Amino acid sequence: MSGIAAEAVTARLGSRTVLDAVDLRVEPGELVALVGPNGAGKTTLLRVLAGELTPQSGRVVLDDAPLASYRALELARRRAVLPQATSVEFAFTAHEVVEMGRAPHIGTAGMADDAEVIAWAMDSTDCAHLAGREFRTLSGGEQGRVNLARVLAQRTSYLLLDEPTAALDLRHQELVMALAASRARAGCGVAAVVHDLNLAAAYADRVGMLFDGRLLALGSPRDVLTAERLTEVYAYAVTVLEHPTRGCPLIVPMEPLAATGALVPQPMEGPIRSVS
Amino acid sequence: MILSSLSLAALISACGKTDDPGAAKTAATTTAPVAAVTSTSLVTSTSLVATTTTAPTWPLTAPAAKLPATVTDANGASVTVTSIDRIASLQGDITEILWTLGLGDKIAVVDTTATYPDSMLKSKPNAGFFRTLSAEGLLAQKPTLALVHPGAGPAAVIDALKAAGVPVVVIPELNGTDLLEASKKIKLVGDAVGLSDHAAKLAAQVEADINSAVAEAKAAATTSPVAAYIVPRGTQVFLTGLDSPSNAIIAAAGGTSAAKLLNLKTAAALTPESLIGVQPAFLVSTFTGVAQAGGDAAFLAIAGIAETPAAKSKKLLVFDDSLIQQFGPRTGQAVRQLSAKFQG
Amino acid sequence: MAIANATAPARPLPARVEPTVRRVPAPVLLVALGVAVVVLIVASVSIGEFHVHWLDVVRVIGAHLGIGSDDSVPIAARTVVWQVRVPRTLLALTVGAGLALAGAALQGIFRNPLADPGIVGVSSGAALGAVVSIVLGVGSLGSWSTPFAAFLGALAVSILIYRFARRNGRTEVVTLILTGIALNAIVAACIGFLTTQANDQQLRSIVFWNLGSFANARWRYVAISSTLVAFGLLTLPRLARRLDLLALGEREARHLGVETDELRRAVIVIAAVVVGGCVAVSGIIAFVGLVVPHLVRLAAGPGHRLLLPASALGGAALLMLADLGARTVVAPKELPLGVVTSGFGGVFFLWLLLSVRRAQGGWG
């Protein structure tokens, strides 16, 4: 059975349990969005799926074999990982960074397509024009897209993306999520940590809601992203409307005062002295 | 790295079996020019410069050398010398002996340990410190013979000299405790340049001079003042050991060396108290040593020196380096001059 | 609810042209460095205090290569050329190539452009190994004993630096430099202790390790350095692509199929072999491994497939030039090579530190 799956994964960092018996399978052809408040365990789950973190119990299975049984190179040919942020030491250009995504295919038949694949990856992420720039001089959003292009250039069956839309402007957020969805249409299994619930609602085939280390809900965006659940999980009142054109839920936060009140900043005690 | 190397170099010259005038000299030329110290820089201290007054016949006039001459050198190598027209003299005491023998004009190149006689050294090319020689620099002087200290090097340079057909004769250091090693050294140098008889004559002169100087000193000795031969190293007091010529000369001149009182077999850096403990009446050092300390006043102000009776009465005797750090033709003079100061 | 103009489709923005990094093309750089190396070899065997006509130089070298005869050349000139200049030139060439190569590779592993074998203490470790072998008189491997001991010393220090200076997959500049200072101090203390145990002759050798020099060049040293440096030149470039990937970070490199632990071990061991071989024959020569890779990166980019061979060529050229200066500037005396390399290298290092600080906005 193909797919990448976490089976009863429990992970602890120090004494804190950050993942508690989580089961999640990402199948080829689907985009699974992982959502949840800060500290819910989204990134940890992605790192466990990527093999960066070995869970205390449970295991990760990739295409029917335990993750631990793969050599790094075999893994690199099957799945690509986009971490939250990647710093590049030394003055490599954006093109060179994307080219690094082709490294797992050196010495294989796939090598012949290198130039084509790199061009496609950079076009898809709208960073072809950055090709000759030094990576370190790019803005955060530009760096993010170049890194995504590098991950795409790996041409793997599975993509594990940690906040691929972070630091991107609105247009690029949509573009990147559409790209992730199109990779899924093309047969890839894609898991993405997404903070923007509307992006998850619009593009994901399934949404996994993590809260306090547990997978609270997993299913279609419409089933998972309900007003009650979101209000409880995020401790903030939201309402869910129907998106006017996309045929998906639209999550809208309510006024600040309608929430519990705990999140409203209280004035500091005592007068604030002005510096004359 | 550089710092640690320098301190290592200092340590080495200190740990060597005997005085290493070369190391002190090299270090000194990089810090303060030797010429900065004049013999009258401090009224109450006395600078001793060897003069030729007691041996007016030096340098001798050398007869024609008997060549080729075959000698067995300090390393046991049999070396045949065919020409002494251009001698690479790679140790200060060898250079002084060659000059005294009357071969000053045959010296093609010297090293930085040579300090005597100044008048001749001014006109001689210098190949650097005898332990860090340059093969090309030496060969460019087209030497026909090299007389070297056992520690001359790097080894590859000595090999290159030999490979280029230059006979290399290693002269043993002979700077121990016996003043008459001076005459032995003279004979060995004489053998190497085909002037055995001539050198034997000089050796006899030197031996007689030393013997009479020692006898005079003994006769004149009414007291045996404590004298400390000091090589300053930064702010540390460094004494040479009983195995060095300086302390042998002090003893021969009727003094009691601080090294003897402290039972220092080999050279060592002292804690400030130890020198105060032996209460030296005289301090003995060299031009280079005093220059390194920053002059007479600075020398006498070094912790451990300043508190001695000698420093308080400013009894600092400053010698030409090669006169007191090694045995040579002028060793008798060194004994006489020290004796005069001790008993004066 | 009013939705304003939300139906306009996303359309492509106009194409932009961004400035590109300007670099010297790889073939141009390699050819230029190659020419520099050849010119310096010729200069190094032709120039010196001892005057030898260039035709005689050619005759002597030719004769030893089996072409023609050098009977017409005086023996002193033959010695100067074949026993002094040629081994010395080859020693400077191989040591320069080795140190720059090892420096470039270590910088890749540490992800830090300041990781010079001399600065971080790898060379001192090699020197300590060499000194230990001399003082203890461990000589079971003949003339290879000292290089082997130097290798062990270099390896031990590399591992220590790696353990101490790395955090979260990268080495911070400050930690790396401070670790280097600490390790250099410890090594200096060990060598200082050994000097008290050494005899006179051993002490001379110990000084030699601390002040790098080619003055004691001999053919058998050339054999040692060229063998070990050749080993580095044959192995490290094979790891070049993987070193490139490491620039992304250890985690990212692993996701791209690099067995990072194996890579790290391999590079550290190979670099220790190369540095050990270099230090064993020439003592510590600092900054070559820092200056050369940095200049190559500035000129032609950081890709290790070019960086490693170009650094080797550049290092060879730089040390031949420095040595030529060391033996001609104050001739007939010798200037310690360390004075030349540390003098220029120190200034360069300061400049590099400042530029790293500027780039990182602090002492990251």
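A few comments on the model shown:
Letters A, B and C name the chains as they come in the text, with residue numbers starting at 1 for each one.
The rule is simple: contacts are C-beta pairs under 8 Å (C-beta built on N, C-alpha and C of every residue); 3 or more make two chains touch, one makes a residue touch a chain.
Computed from a predicted structure; not experimentally measured.
With chains as nodes and touching pairs as edges, the resulting graph is an open line.
Relative to the centroid of every protein C-alpha atom shown, the closest chain centre, again from C-alpha atoms, is found for C.
For the pair chain B and chain C, the distance between mean C-alpha positions equals 42 Å. A separation of 80 Å divides the Cα centre of chain A from that of chain B. Separating the centre of chain A from that of chain C, both taken as means of CA atoms, is a distance of 42 Å. In chain A, no residue touches two or more other chains. Multi-chain contact residues of chain C, defined as those touching 2 or more other chains: none present. Not a single residue position of chain B touches two or more of the other chains. Taken in their complex, chain C has these residues touching chain B: 48-51, 75-76, 78-80, 83-85, 87, 118, 124, 184, 188, 191-192, 195-196, 198, 200-201, 203-204, 206-208, 210-211, 213, 215-218, 284, 286, 327, 331-334, 336, 338-339, 342. Interface residues of chain C facing chain A in the complex, by the touch rule stated above, are 1, 3, 6-7, 10, 13, 15-21, 111-113, 170, 241-242, 244-245, 247-249, 251-252, 254-260, 297, 301-303, 359. Touching chain C in their complex are the following residues of chain A: 50, 52, 71-77, 80-81, 83, 86-93, 96-97, 100-101, 103-104, 106, 126, 129-134, 136, 154, 171, 174-175, 241, 244-245.
Residues of chain B that touch chain C in their complex: 1-2, 4-5, 8-9, 11-12, 15-17, 109, 125-128, 131-142, 151, 153-157, 159-160, 163-166.
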